[in-house]
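This is the structure I want to talk about, given as structure tokens.
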Amino acid sequence: MKLTRRVKEILSWYESDNPGTKANLARILMEGKLGGTGRLVILPVDQGFEHGPARSFAPNPAAYDPHYHFELAIEAGLNAYAAPLGPLEAGAATFAGAIPTILKVNSSNSLASAKDQAVTGSVADALRLGCSAIGFTIYPGSEYAFELMEELRELAEEAKSVGLAVVVWSYPRGPNLDKVGETALDIAAYAAHMAALLGAHIIKVKPPTEAISLEAAKKTYQAHPIEVQDPAKRIAHIVQACFNGRRLVVFSGGEAKSADALLNEVKAIHAGGGNGSIVGRNAFQRPKAEALQLLSNIIEIYKTKP
Amino acid sequence: MKLTRRVKEILSWYESDNPGTKANLARILMEGKLGGTGRLVILPVDQGFEHGPARSFAPNPAAYDPHYHFELAIEAGLNAYAAPLGPLEAGAATFAGAIPTILKVNSSNSLASAKDQAVTGSVADALRLGCSAIGFTIYPGSEYAFELMEELRELAEEAKSVGLAVVVWSYPRGPNLDKVGETALDIAAYAAHMAALLGAHIIKVKPPTEAISLEAAKKTYQAHPIEVQDPAKRIAHIVQACFNGRRLVVFSGGEAKSADALLNEVKAIHAGGGNGSIVGRNAFQRPKAEALQLLSNIIEIYKTKP
Amino acid sequence: MKLTRRVKEILSWYESDNPGTKANLARILMEGKLGGTGRLVILPVDQGFEHGPARSFAPNPAAYDPHYHFELAIEAGLNAYAAPLGPLEAGAATFAGAIPTILKVNSSNSLASAKDQAVTGSVADALRLGCSAIGFTIYPGSEYAFELMEELRELAEEAKSVGLAVVVWSYPRGPNLDKVGETALDIAAYAAHMAALLGAHIIKVKPPTEAISLEAAKKTYQAHPIEVQDPAKRIAHIVQACFNGRRLVVFSGGEAKSADALLNEVKAIHAGGGNGSIVGRNAFQRPKAEALQLLSNIIEIYKTKP
Amino acid sequence: MKLTRRVKEILSWYESDNPGTKANLARILMEGKLGGTGRLVILPVDQGFEHGPARSFAPNPAAYDPHYHFELAIEAGLNAYAAPLGPLEAGAATFAGAIPTILKVNSSNSLASAKDQAVTGSVADALRLGCSAIGFTIYPGSEYAFELMEELRELAEEAKSVGLAVVVWSYPRGPNLDKVGETALDIAAYAAHMAALLGAHIIKVKPPTEAISLEAAKKTYQAHPIEVQDPAKRIAHIVQACFNGRRLVVFSGGEAKSADALLNEVKAIHAGGGNGSIVGRNAFQRPKAEALQLLSNIIEIYKTKP
Amino acid sequence: MKLTRRVKEILSWYESDNPGTKANLARILMEGKLGGTGRLVILPVDQGFEHGPARSFAPNPAAYDPHYHFELAIEAGLNAYAAPLGPLEAGAATFAGAIPTILKVNSSNSLASAKDQAVTGSVADALRLGCSAIGFTIYPGSEYAFELMEELRELAEEAKSVGLAVVVWSYPRGPNLDKVGETALDIAAYAAHMAALLGAHIIKVKPPTEAISLEAAKKTYQAHPIEVQDPAKRIAHIVQACFNGRRLVVFSGGEAKSADALLNEVKAIHAGGGNGSIVGRNAFQRPKAEALQLLSNIIEIYKTKP
């Protein structure tokens, strides 16, 4: 399978990584309907941990079965499927080699009070399950942010040494951040940047709002203004924060919403130079046919020339 | 010993596990009067740790002797016997090969104030004692939930690598949960789901009540209603939360209660598609003859075609 | 499953072993048609290594498939199935829990010139494949005998620590032994005794001939004569050499031979107090129906009261 | 990428392997022009070690450059490329993700006198270089055969635990084998069988000649005759020796020869049910255009329905 | 490359270090336009972590790209470039061997509330990225100061054992220190001294003010007065605190300021015997040409005879 020029260019950004990690990034980038374009759509299913089974799967009960998500990701022609240990164990043999997988190695849940996560998977698990990457969430701003970063550091170092890629979910929250702050443009850019600084290969953040939240940052954004009303410009700023585009950055779809709202978000990501989407609830909470249609529409947007 | 078709089907769900772990699951599933049916009755005796000796054994003083529990489980034709390190050390040689055992590797006690557990057994202990599985309790919702999950992760990875099965007791408790919440349907489903996500082979939860406790979940259960008055429907929801039935789930008998109350619970578990019961106090706190009769009645229910 | 009195008695001989090893011995002793009698018939299939595939399997080509041997052992109601790594890997998941397996961890072959064996399996392999025991061949008399014994020592120590049993194939050969010597009564007794001395739980030797081979031993046998013409007396002497019966000893069937010849051998083993047979080529080189009949006949002999 | 039914069937043979190893086997089986057919053509370039650079590459000097072989394998649409450490280090980053690679972890050379090999690569190397498998040569019959098998055992156990596949080159040689013996039908079948017994996922042997070499085996082949004049029947016997087809077996092209001679060999492999070819010198010693044509012709043969 | 006498003298101060660490110190001291003089100018880029991407790079957007900083440091003829993991991974291969690098192995950020840092890099990372040193920040006075020191101890020990140098950023802050105190002369001297006591090879502090902050220290400074109005005398006092000049000490430029202000500071450092400057924001937040001019002016000052 010849890599496209674009994928080769992307791999060249990861110049310190060993060929094993590059090969796993290549596998993700060459898979599915966007294979070779440098754009990505990933299916993440960690909402069972985050919100519980009913809130995650009752809208589409077929999704209670871990095999469903493998099938959805494969049929939709996505680039990768991300999940915690249990669901991957429940399907990794049946779908071995059929789609790159990302083992989410830490997890939080709605019953917990701390803005922390438990480490629930290992690099050895990722290898025995045939994963291409590990996924890890950090909460910049949380009282546990430093611990989370240190856990990530350790797991990422090990993952890279055995040729796995590292995907970092960077979700700001904590005592210094109100609801607005968690998705404010400056904070989202900061969160993405920290993931890059920590050595992530692929960064996942939420699409930012127009808000500028950090007092200390306001002066900067006034002096160097961004057209925050234009969502594509906001995305472009996040891309800038990811080493000026030298690191892949994908955006979560967030809560289930109307197809139109989601597609508009995707258009902005596309226009702003984001590398793709990571669509969970908006995919698996819809009936399969509807989900496949929606994912197909998303993919079509990413396929158009920017 | 030829495995039944049903047991082979169940083993096929554990597709990422090595043959050692599958063999130990098979041993449990083929043992006793329910052997081959895919249903399970397990005798757990960790109440000495949880409640102290007198509260556990004074009602039936023969039960102070660890040999008593092996004998009870074997005579009753159960699938497995679960206990902490000490009782297994006290009987594992006498009853070697007579019944599959589960080493409970963490334990709490009534003198402790923290909603935590101490790790009191190891995978090496389980191997030298000839156990088929390790058992581990998590307290979703507790301040120690993340630590417990991380301990489980480490022990489960090791257990699986040497061919043991992993049984997870998932008991919600903690600052965000009142007494009602601990056994509420949504919380029980969530607890069972988390055990599955963490890679449990067999999940143990309490039979859920009709309550829906988590504020954030209420909307979901209104939109996708469950007939919560029907205990079998509640069980079926728990089964759904266990990867749509791809993971074995058994239900605890809870506090000692009337035989009728217990048998009604078992009928609901059976009707709802639960895989069986884990009956401790209701078994060993009764005189042996009475206990054997009760366990026999439970087994009869599980033997009827659903 | 209640152990029989006889099996409990046998387990009592292994008084230094941990309950894990006892449980695995119990599994072997309680399995199949002889389950509980203290007698054993084991199917060993390491002839592919020793003699090559065609010499082993051409007489009954179905036997080229590793699944065939699992099926044969299970259908015949044997106590265990022993094989090298590859065949166990090829069937251990399909037949998980269906019959105790013994991983043969060293192997020789007909292309080799040295009377040595290669270590071709590990204790970790045995655990992940769900085996009850490891099997190991020593060649007392060979130039490599000390090395083989030292390898056995190390593997046996590890196996026992994780609750596995140890089966030793003790086959005398080497510069001081001619063809007669290799199966001479004194040498066979000596070989069995060395296996016992090395810590074997189950000892496998060839049925001895009438010959007394070792010059130094002849005086003793003259002073303390054995009725060597009576094959049962020869077997009884081997049993004596196995700690006066405190260690299980089974006898190989050797080359394919007539059913009658084999059954006569088995009668002698039975009469002499041997614990059973390990029948390879005589089983799998016959068409399945014939093999099942023969194994059934063998089992019948062992079932009669001695 | 949906796996074909045939590839899923093949993966099912490897029932004890973890999903990681299955995924790597799937990658090899789904790659290139034969992707999904269950047939394989692999490019091995270890002749530089075996015969020195000039004997290997002077006929086609472009082949001195390690990148050449990656390109050849990719352009020809092969399933995998196998090489020692150095050449993979020299190209694995440039061609990351473009073709599955096999790290040959032991190597011999023409300056050595012993029929042994040096271990020249590790499992960690394979992971950091992004390989799908390790490759290892054994010399059944050599004075070093046992050592080689023990090295293989250790490396294979480690490789399997981290999700890599194991390819074994089984080349009989040694004091008991003359030139005829090294490729005799019985010996080749024996060599292939030993690789399977040792736990190989893919077995590589030379196409066998009509000769039956081992004295002890002649009687068997007379009693159970094979039409040795028919090369397809000889191949079919090798397939039989590989667990009756439960293990993939590929055949080396051997010395550079005429295209017609090679294609005839391939037709026999195809007709006899062999899984494919591993073509080194016959590929890279020809000018590239000629090599691509020859490989294309080989692939066409494997694509026809048997 | 012959070392200068001055560099040899400096190396002689590090008499307990192994030749590997000395060689890395020599590399830093011999690099760039100040190579051989014993003076240093280092470019540190950890502000992305500390202040976020926009506050760091919006004034000069080219600086969003990690390659920019390598280029700036090389073109300006600096001695070394210091950065966290991500930026070094993004450029270390392209600029391998082009300039000594320092891996900043801990990091804080503006979203955090604790005066702590996360360990975000390892000694192994530094080795694989070809760094000459690790950099570590301590906060003397913080509630986390002891933890930070202990982390430093461990990392420094490991770094030294593998021949890396250790650069310590010593920034006083915490409950007992007001804004004045953080840069007061006595506190700065104390902070520098603690870094030296902890085994730093190169110490980085802020240029001290005239203030004497610690109540307990005032008497001493009255008894042994320093001409605090003279910035060179203040620098000289810091040098004194660094083992009377036996440890290299460099001074940060602090917030972006006018070129004149910065050059005056540098003159004082030079006059006071400081070893150099570590100039971040004042370099990379200016347009490149302007930054190169400024750095050139700084270098010129350090080149004049004191």
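Letters are used for the chains, namely A, B, C, D and E, taken in the order the chains are written, and counting of residues starts over at 1 for each.
The definition used in the following text is that contacts are C-beta pairs under 8 Å (C-beta built on N, C-alpha and C of every residue); 3 or more make two chains touch, one makes a residue touch a chain.
The UniProt protein names, listed by chain, are A, B, C, D, E = fructose-bisphosphate aldolase.
Only a predicted model underlies this, so the values are computations on that prediction, with no experimental measurement involved.
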The chains touching both chain A and chain E are none
Applying the touch definition from the top, give me the chains sitting in contact with each of chain C and chain D. B
Pair exhibiting more inter-chain C-beta contacts, A-D or B-D: A-D
So chain A and chain B: same face meeting same face, with over half the numbers shared, or different? different
Identified repeat of the A-E interface (over half of residue pairs identical), from C-D, A-D or B-C: C-D
Rounded to a multiple of 5, how large is the rotation, in degrees, that superposes the C-alpha trace of chain C on chain E? 180
Based only on mean CA positions, could you tell me how far chain A sits from chain C in angstrom? 57
Centroid spacing, where centroids are CA-atom means, of chain A and chain D in whole angstrom: 39
Take the average of all CA coordinates in chain B, do the same for chain D, and state the distance between these two points in whole angstrom. 49
Set of chain E residues in contact with two or more other chains: none
Taking chains as nodes and touches as edges, what kind of graph is this: line, ring, star, complete or other? other
Every touching chain pair, please? A-B, A-D, A-E, B-C, B-D, C-D
Residues of chain E touching chain A in their complex? 48-49, 51-55, 57-59, 61, 64-66, 84-94, 107, 109-114, 116-122, 124-125, 128-129
Which residues, counting only chain A, touch chain E once they are in their complex? 13-17, 140-141, 143, 145-147, 149-150, 153, 157, 172, 174-177, 186-187, 189-190, 192-194, 196-200, 214, 216-217, 220-221, 223-224, 237, 240-241, 243-244, 246-247
Sites on chain A touched by chain D in the complex: 1-3, 7, 11, 18-27, 29-31, 74, 92-93, 96-99, 124, 127-131, 161-163
Touching chain B in the complex, chain D uses residues 15-16, 18-19, 161
